[in-house]
Amino acid sequence: MGHTYTVEGNQGMTRRRFVRGTLTLAASAAGARMLPGALAAAAAPPSAPAGELKVSLPARIVALDPLGPQAAEEPVRIVAAHVFDSLVVRDTKTRRYLPSVATKWESPDPTTWVFTLRSGVKFHDGTPLGARDVKASLERMLRLRGPFAPLWAAVDTVEAPNDGTVRIKTKTPLGTMLANASLLSILPADKMEQPGFFNRPVGSGPFRVVSYRPDNELALEANPGYWGMPPGVRTLRFRDIPEIAARVTALITGEIDLTFALPPDQLAALEKQKGVQIVATPSYRYYFIWMNVKRDPFTDKRVRQAMIYALDIDTMIKSLMKGIARRMTCPIPSTVFGYSPQRAYTYDPRKARELLAAGGRPNGFEVTMIWNPDSGPQDRELAQALISYWNAIGVRVKDGQAERPQWLERLLKLDWDMDLQTNGVVTGDADFVLRRLYTTSANRMGYSSARVDQLLNDAAATVDQNKRKLFYAQANEIIWDDAVGIYPFELVQGYAYRTGVQGFIPSPSFPTFTTVTVKR
Amino acid sequence: MSGYLAGRLAYSIFVLWGAITIVFVTVRVVPGDPAQLMVGAQGTRQDVEALRHRFGLDRPLPVQYGGYLAEAVRLNFGQSLRLEQPAVDAVIQRIPATALLALGAMTLAVAISLPLGIIAAMARSSILDRAVSAVSLVGQSVPNFWLGIMFILIFARTLRWLPSAGIGGAEHLILPAVSLALLVIGVLTRLVRSGLVDIIHEDYVRTAYAKGLSVRPVIVRHALPNALIPVVTVAGLQLGHLLAGAVVVETVFAWPGVGRLLVDAISNRDYPVVQVAVLFITAGFILVNLLVDLSYAYLDPRIRYR
Amino acid sequence: MSSSPPLPAAAAPFRPPGAAAPRYRRGRRMRARLLAWSTPLAVFVAVAALGPALVPYDPVTVRLGERLKPPGAVLEHGAKAWLGTDQVGKDLLAQVLQGARISLFVSVTTVIAAGLIGLVTGVGAGYAGRTTDALLMRLADLQLAFPSILLAILIAAVLGPSIANVIITLSVTRWVTFARVARASTLVTKEREFVMAAHATGARVARLVGRHIVPFAVTPLIVVATVEMGLVILAEASLSFLGLGAPPDHPSWGLIIANGRNYLSSAWWISTMPGIALSLVVIAIGQFGDTLRDYLDPRTVSE
């Protein structure tokens, strides 16, 4: 399986684990999650935060509320990771959950989770963080019915019997409790409902908000009272520069220090640029094409498979997606828990035509593929390439590009033949994608398999992670063989930053900058 | 005159109301549900319904409209669906940036087109005239986003004279304002020129000349005011197209203005923000049009407003 | 040629009308100028009509191995990419020729539609008097209050991206220019003695308007129309920049330029080739309009 990170060296990883893992020195029940190397690194005293890091995110920071309707948007989550804390954090390398605000947790019975909170954690305004803040934050998320609320659907009650304990009772066993907890930002119970709170929100994280000028810049500074490892830089600025040419120019001139999500041609050009370096890392995002299983001609599995054999995925990666994609070998990316490699579909137009004929469509057919222009990198070029390949086997696919709201509406109404889009496995866990999208009740592309339903529900209800893996392996195989969708690429994220920026550790999830230092 | 103004005021309110109503209805009629957009593909039907209820979108249209008007009269324009702040705040925060950009571009445009146009008209059909024509044509014939990006590549990346994006000091305003102004300069220069060239033959100019006045005062006191009528007309109108251009320029240069906000709000069906933004824009246009119409009376005494 | 002594143009451009002023002449030079500037326009129309037949444009097939080739590069099957290839390997020359058709069609249709609406509205408003004037001009204000962007997105939302929607959007947002100029001209003409005289002698409104007012309104409108044609082509480019312009299978120049804007520092030809074509056409239209106005204006003094 082994994923090859092209991250510079492993000592970065160790340092990161040190940052999170230092907490486990104090907590005894967390288990041995640190490598010996981390212990050695732990001996060196951290220096005070210094310097300024200017980052330009590829999308606007729309709002600063990590519990509201925008919570799943990447910029909101990136900011949340710096300004707020959560109960646990996920170590993306080992795929394990490390203590953060919670020092230990246990599950006395399958429907109860008890988290013990660290003492001495303070919000940016000096008030202490306690269990009631956790309770209030979770309740707010559920009340606002944001995008992460469905993850907590099984929750029955949340109790804060004392300042240091949070008890969550669920109606049915929730195998993804830790994944969910890592997404729950903790806000101060008393302040979070005040009007204007989110203009300058108060959290307990390594950075605090200095100023927020929407569409322009969000300025953060290091939190002097942080309970954990202080960040490497004193000031962290998020600058909004939507136009690619302007953003690349700003990186070259030094107006910003780091950015990502650049198109592959521009990324390749930056490799040759003096003063700029590129680091690429596999991510949780991937491209996929669904075929509406309930619509002719995609009701026939052979026709669906034909559409896959018609594609020369390797050439598309080499020419269009160079450096930003790898061939996908499973309905979920290799970075995600639950991944299991499948047998590849080759590029075989002749076989595609045979399958079409076997499926009763020897002369091809005509369908429409919907997609929206915010899909992902190179989406326009990709759509053209895909349509061209299918045209070569006699399938005429019309370009059904639509604005995002229309695209979403048609998608959810199942009013489409084919759908091209990206998806991100936000939790890094297969459940987030497979159970949400591929069950009969989800009905997102008309696919129905009782066996897959069973497997996915079992996997969600089990707390034993090894068992879960087995369930997902079986489900993956069925979905893949049934050609429910086409899974051409998993996306690799390229980060471009100026030399002088050190200690940046990319992860398959969104980037964080707490370990970054800047030398000018 | 005061009767005229009172009438204009009444009609202005009518226009404002009309604009709001049309926008209100249109954005809701157009496909695309803001609640669904926010919940995304992850949520359930109940989540969407809950969000719609929270935004008050599940009420019948006339009820929503009545409620909105009632609040609007009290200057409460609702909460942005997406931005977690009052819609008015979202717009007001960004108006100064767009105003700065538009004013900068307009000032630049007028300061350049007037003298250029006068020179061209007076030096008619000479090389100077043709040169001015050519220069103004260039500005009119290039897409402004292409120009903007070229400016960034030349002045920010290669020469490093100016910043590449964002708002800040005067140096941040230069490239965006020039990008925006070039189109207007082209149009205005040609209009000043063609308007002047026409007027130079009008009776009253001939009369003034016959009285023995020399050329330049004739132009300035008699010809120019009349030539300016179509110029002022178009300049006033250009303000409208300036907004469309501003949207593009604001995106290219990461300028935090109303144009970008409006496009994003429409794309995300953020109804309250769209409505308030249109309200402010309408009010701005009304003001500009009023000034334009008043200037007609000043420029040409033959036009009377009874 | 004129009988008065030729004056250096820069020194005394204003010819004293008291002296032996030459009446207007549609001299050879003026005709020659008109012909000269109608040539590029004719070339444009010919290219738009015939070009795609000579260099066929395949909207579907991509050639990923030949992407981003510079102008003049030789492709695999021996053909030459005179203007280079784009991000998916399609020949740029074919796209530019195809785009000519689309840009021409969009701009002409839009300007005719907007011009007619504007003429009717503007003359009506200027002539009919206070109430109608106020009403029509408030309608103009209302329409101006809708930034074209708003309208474009809304129309695209309802109808989907297409050429027809671009035309609708642009004519609905640009008629006001025509209307206001027509109205201004009408306001002035209306007060002139011969109009008042005609009115006093009981001439019918339609005849009066048709014979005395509309002709004076048309001349500035023609200038406006030629300016507007160029602006419409540019406005469509802006709409394409926002993703609201021509659909991808019928790319206009604006769309090609917008799609290539990330490559200005590398594969610059993708944006610049159609950009040059666009600029040349806009300039040619503008110059033609100027020349036409000089030709049509009975008061033009020719040298």
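Remarks
Think of it as A, B and C in the order they're written, each chain with its own count starting at 1.
Keep this in mind: a residue touches a chain if its C-beta (ideal position, glycine included) is under 8 Å from a C-beta of that chain, and two chains touch if they have at least 3 such contacts.
These numbers come from a predicted model, not from an experiment.
A summary of chain positions shows that the Cα centroid lying nearest the centre of all protein Cα atoms is that of chain B. The largest tally of C-beta contacts between two chains is found for B-C. Seen from the C-alpha centroid of subunit C, the farthest chain centroid is that of A.
As a whole-number value, the distance joining the C-alpha centres of subunit A and subunit C reads 48 Å. Chain centres here are Cα averages; for subunit B and subunit C they lie 20 Å apart. For this pair, subunit A with subunit B, the centres built from the Cα atoms lie 40 Å apart.
In subunit B, the residues that reach two or more other chains under the touch definition are 31-32, 149, 153, 157, 251, 267.
Across the assembly, subunit C contributes residues 153, 157, 261, 264-265 that each touch 2 or more other chains.
Within subunit A, contacts with two or more other chains are made by residues 245, 403, 405-406.
Across the complex, subunit C is touched by residues 244-245, 263, 265-266, 269, 315-316, 319-320, 373, 380-381, 383-385, 387-388, 391-392, 399, 401-403, 405-406 of subunit A.
If you check the complex, the residues on subunit A that touch subunit B are 60, 62-65, 68-70, 72, 144-147, 149-150, 196, 198-199, 213-217, 239-243, 245-247, 249-250, 252-253, 255, 403-406, 408-409, 411-412, 436, 444. Considering their complex, residues 7, 11, 14-15, 18-19, 22-23, 26-27, 29-32, 122-126, 128, 133, 137-138, 140-146, 149-150, 153, 157, 183, 187, 190, 194, 198, 200-201, 206, 209-210, 215, 229-230, 233-234, 237, 240-241, 243-245, 247-248, 251, 259, 262-263, 266-267, 274, 278, 281-282, 285-286, 289, 296, 300, 302-303, 306 of subunit B touch subunit C. On subunit C, the positions that touch subunit B within their shared complex are 9-10, 13-14, 16-18, 130, 134, 137-138, 141-142, 144-150, 153-154, 157-158, 173, 176-177, 180-181, 184, 187-188, 191, 220, 223, 227, 230-231, 234-235, 237-238, 241-242, 254, 257-258, 261, 264-265, 271, 275, 278-280, 282-283, 286-287, 290, 293, 297, 299, 301, 303. Those residues of subunit B that touch subunit A in the shared complex are 31-34, 36-44, 46-47, 50-51, 54, 82-85, 90, 93-94, 149, 152-153, 156-157, 160, 163-167, 251-254, 256-257, 260-261, 264, 267-269.
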